[in-house]
Amino acid sequence: MAAKFFAYFIVFVALFSVAKSDPDLLQDICVAEATAGVKVNGFACKNDAVVTEADFFFSGLAKPAVINNTVGSVVTAANVVQIPGLNTLGVSLSRIDYLPGGLNPPHTHPRATEIIFVLEGELDGLVHFQKNNGHEPASVIAGFNSQFPGTQSIAATLFASTPAVPDNVLTKAFQVGTKEVIKIKSRLAPKKS
Amino acid sequence: MAAKFFAYFIVFVALFSVAKSDPDLLQDICVAEATAGVKVNGFACKNDAVVTEADFFFSGLAKPAVINNTVGSVVTAANVVQIPGLNTLGVSLSRIDYLPGGLNPPHTHPRATEIIFVLEGELDGLVHFQKNNGHEPASVIAGFNSQFPGTQSIAATLFASTPAVPDNVLTKAFQVGTKEVIKIKSRLAPKKS
Amino acid sequence: MAAKFFAYFIVFVALFSVAKSDPDLLQDICVAEATAGVKVNGFACKNDAVVTEADFFFSGLAKPAVINNTVGSVVTAANVVQIPGLNTLGVSLSRIDYLPGGLNPPHTHPRATEIIFVLEGELDGLVHFQKNNGHEPASVIAGFNSQFPGTQSIAATLFASTPAVPDNVLTKAFQVGTKEVIKIKSRLAPKKS
Amino acid sequence: MAAKFFAYFIVFVALFSVAKSDPDLLQDICVAEATAGVKVNGFACKNDAVVTEADFFFSGLAKPAVINNTVGSVVTAANVVQIPGLNTLGVSLSRIDYLPGGLNPPHTHPRATEIIFVLEGELDGLVHFQKNNGHEPASVIAGFNSQFPGTQSIAATLFASTPAVPDNVLTKAFQVGTKEVIKIKSRLAPKKS
Amino acid sequence: MAAKFFAYFIVFVALFSVAKSDPDLLQDICVAEATAGVKVNGFACKNDAVVTEADFFFSGLAKPAVINNTVGSVVTAANVVQIPGLNTLGVSLSRIDYLPGGLNPPHTHPRATEIIFVLEGELDGLVHFQKNNGHEPASVIAGFNSQFPGTQSIAATLFASTPAVPDNVLTKAFQVGTKEVIKIKSRLAPKKS
Amino acid sequence: MAAKFFAYFIVFVALFSVAKSDPDLLQDICVAEATAGVKVNGFACKNDAVVTEADFFFSGLAKPAVINNTVGSVVTAANVVQIPGLNTLGVSLSRIDYLPGGLNPPHTHPRATEIIFVLEGELDGLVHFQKNNGHEPASVIAGFNSQFPGTQSIAATLFASTPAVPDNVLTKAFQVGTKEVIKIKSRLAPKKS
């Protein structure tokens, strides 16, 4: 199907995303025990006796994030890592804030489908990224059908991962010269502090 | 597990809800064909040639709903019925608006888990309902891991369904007299216009 | 769909239940290790060397239960708690016995669909409860597509849980006065011994 | 794991069966439309307007079947074919009646796990068959986590299918001579009427 | 459906197999920790710090196996036991090599569907076994949608398991005399060394 | 987890891929009816009466493909489109052939995990692509846990889709100038014939 159907929509069937779903739960709750000695698919469960309200609450999405990077947008996740009570529940949220001109670069969520609610501003929502082409900040809430959707920036994965994707693979894939590949790699390289 | 853990949370593991998940999709998109002659689990798919942007967009959650009912809250759904493009994607949203004192009464979503983002106001969010005990209106966005979560008001299902649940079942279940049951039934009966 | 279709049936698509299914198993058996130090979705598996026939057998459904309560019915479960061998198998049974006039009050199974086989007697099986309106005892076997379906009494959840659902939520939900709510709460309160 | 653990159990983890589960439902009900022009995974749904109580009820398990065959047992199914309302619900039942000495021969349910409730009599329940070694008739109710579990007799599949499994495959698999294979085939051949 | 459709195919919808699927993964990788103290559905995960390339690589399918048995074929598995990195990934392979006249006897994979790629030679691929009726060796690669499909030889399960299936069950199932059953059992009995 | 673990492996946990699984089947077979008037999730089923052996067989993977393109590799799919019998079975294969120096460019399978068997040659198998750095042709068979895995070239999706991803999105994502973006777009543009 051609991609043209997807401009300015609220449901992001991102070209690299999927509608998969987490396995169903087998008990009422299974609050993630992040420090469990045993690692399993998802997380082991806390003992019920130490589960508290705080395991189901997260205030980190309430306010816009401070945006201080090259692309002009910040994603704040509210998944099983931030909310242990989400473990085995198959759902999570993110908040994305954009400066004017800010871009949430092309990316993929390998374990979830995404649906977007625009909190404020206007977005040129396109196929698999969102860009704030307006003059005001913008913010959205994204819902996912996974407790831990995963997110991978396509550019960073190809040009800034370790071990590096060899230059001759990238020149062949993007049909450019080695010079351009090296240039992109240097720009996307993690900043040394 | 005792229910006390759930006060004031953002994740609603409603006592009557579940973390089930829709079946996975088998192609890129399958936009619901609401008028298809054939009915299947979910919906049959539109022909790709007639799919448009509008199948993935819904503006109905952008503004608070007008609240004009006894309980003081309105739920506006954005599921596969409003957004045909959600078919086979396993995700949907709702917006709930509350007057001061407004209540989203005890209910269940038989096919989804719910996660709540508070847009404005303060809610006494409790186990399986939400109540706005503040002096200002409140609004939330609810994310679901189903294209069609379903919603059933517990009070209406028991006291206002057709055919009626017999009075002697309700007196036994709630341990009250027939008089009280008849009273509740009359109050919850659908208004005749 | 109107509820009238469901009177006197053998398949209980209870209004608050769902047809979800447990995750598939990944090995031949995984007998629940109830005392495992680690808690996971479902149960960890016993070492095969200590698995015995007894892990797959349960005689507790063979005879009618003694019924000695207000509602006149008793549910005897045969799920993963009673039969550890059911772990990861996605199936379980219950037996429900009813005195004449006995009621299995409105309830929900959050993780399973239920199908009923009537062992003896006649039941006014209605939407989401069963009542023995005959003059003889009645018994049924219920099959579930989950190793641990869960069961929640609607009345008890709303009027007898801890922490209590506030009175003003219940008055608004059921459209009755505080007096009636307090009355129901007192009747449904767990007996102190 | 050795098979010896499974003698005399109530849960049949038949050696050829599996704990798979049907896909989850996407609406309240989807009663099978057996005569639909379109065939899909499972069944297309009847129009709600023509759904009746009868779609959810089946009296065929109420009484023992007449047993009139070589093996001395009869299986009466109550799956989506007999109860159209089971479509998308992921659950079904069977009743099996046995004469004294009757055998439910080794078989497999390719799409379900089975759990057995003994209605009357005693069964030498063994790994993947059941035999009534007592002097009285016996009956069981079997629960499945599928709307259509499927059943295949191992002997008939190998020795009486069309097209026939070649003799030299069977002699090699069972390490017997062609004479024995031909003998078994003739005994298991469908009776001509 | 009659079995005749399946002769000479590449997709094996084996009569005793199923298309079930493993539960979805909840993180990027969960390499099986075979020696974990805790046993779960599938396997617990290794600590990421000790995961290496070797967890995702297996050279055991590269060459034909030495065939030295009665049936003239050998199955070499490449599932989660050989490749720990397959844990939670829902996929695996096998290689099957056949002498001229070799047979992969009737069997079942209780947790997977199988698809076959013929590496060399010709197979009389039939319903639920494969036989090399040619004059040259043959080899295939089989793909499965499970990390651990399981395999059970039908003949061995019925005639060579411990505890033994009673003779009178087998005589009734296969409609032969006790003498034939005893003969088959002796031929299929595990060799004592 | 760092990507370095994945060099030279046989299991491709491609960075953009997932281990999702198709929904389980509900009957023995459901051969895809490609020309069905009704479109559903996956495909509607052919009438059994017109199912033939050919629906389960595909000879298209038997020989290396002719390679005549810029990247030096060709993928030949054997999924539900080529083998209608795969419908509802959750499994498929592909063959990939590489010239010396050939590259299967970075890509994603949105609905499946992939496992690779090397038929001949040597591949620098890296994270999410494969390159034949040897002097001889190479070929692999890839197994998938989906009847229709989907494949998307990352470069083509970003630089050659319609409608085009705006230049200023790509300059920001890859941190290059407009000139480089236009250059890549022109190189990757579909050839006009």
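For clarity, chains are labelled A, B, C, D, E and F in written order, and residue numbers in each chain start from 1.
As a working rule, a contact is a pair of C-beta atoms (placed from the backbone, for glycine too) under 8 Å apart; a residue touches a chain by one contact, two chains touch by 3 or more.
Please read all numbers here as calculations on a predicted model, not as lab measurements.
Shared contact partners of chain A and chain B are C, F. Comparing the centres of all chains, each the average of its CA atoms, the largest separation from chain E belongs to B.
By number of C-beta pairs in contact, B-C leads over the other of C-E and B-C.
Measuring from the averaged C-alpha position of chain D to that of chain F gives a distance of 39 Å.
Chain A and chain D, compared by their mean Cα positions, are separated by 47 Å. Residues of chain A found to touch two or more other chains are 4, 7, 18, 20-25, 28, 38, 40, 42, 88, 110-111, 146. Interchain contacts (touch definition given at top) occur between A-B, A-C, A-E, A-F, B-C, B-D, B-F, C-D, C-E, D-E, D-F, E-F. By the touch criterion stated above, chain C contacts chain D in their complex at residues 1, 5-11, 13, 18-25, 28-29, 48, 51-53, 55-58, 61-62, 78, 83, 85-86, 88-93, 112-115, 117-119, 141, 143-146. Against chain C, the residues of chain E that register as touching in their complex are 20-23, 38-42, 110-111, 146-148, 150.
Chain contact summary for the complex, chain B toward chain F: residues 23-28, 30, 33, 36-38, 40, 42, 44-47, 87-88.
Of all the residues in chain C, the ones that touch chain B in their complex are 2-4, 7, 15-18, 20-21, 70-72, 103, 105-106, 108, 110-111, 124, 126-129, 131, 152-155, 157-159, 161-163, 165-166, 168-169, 172-176, 180, 183-184, 187-188.
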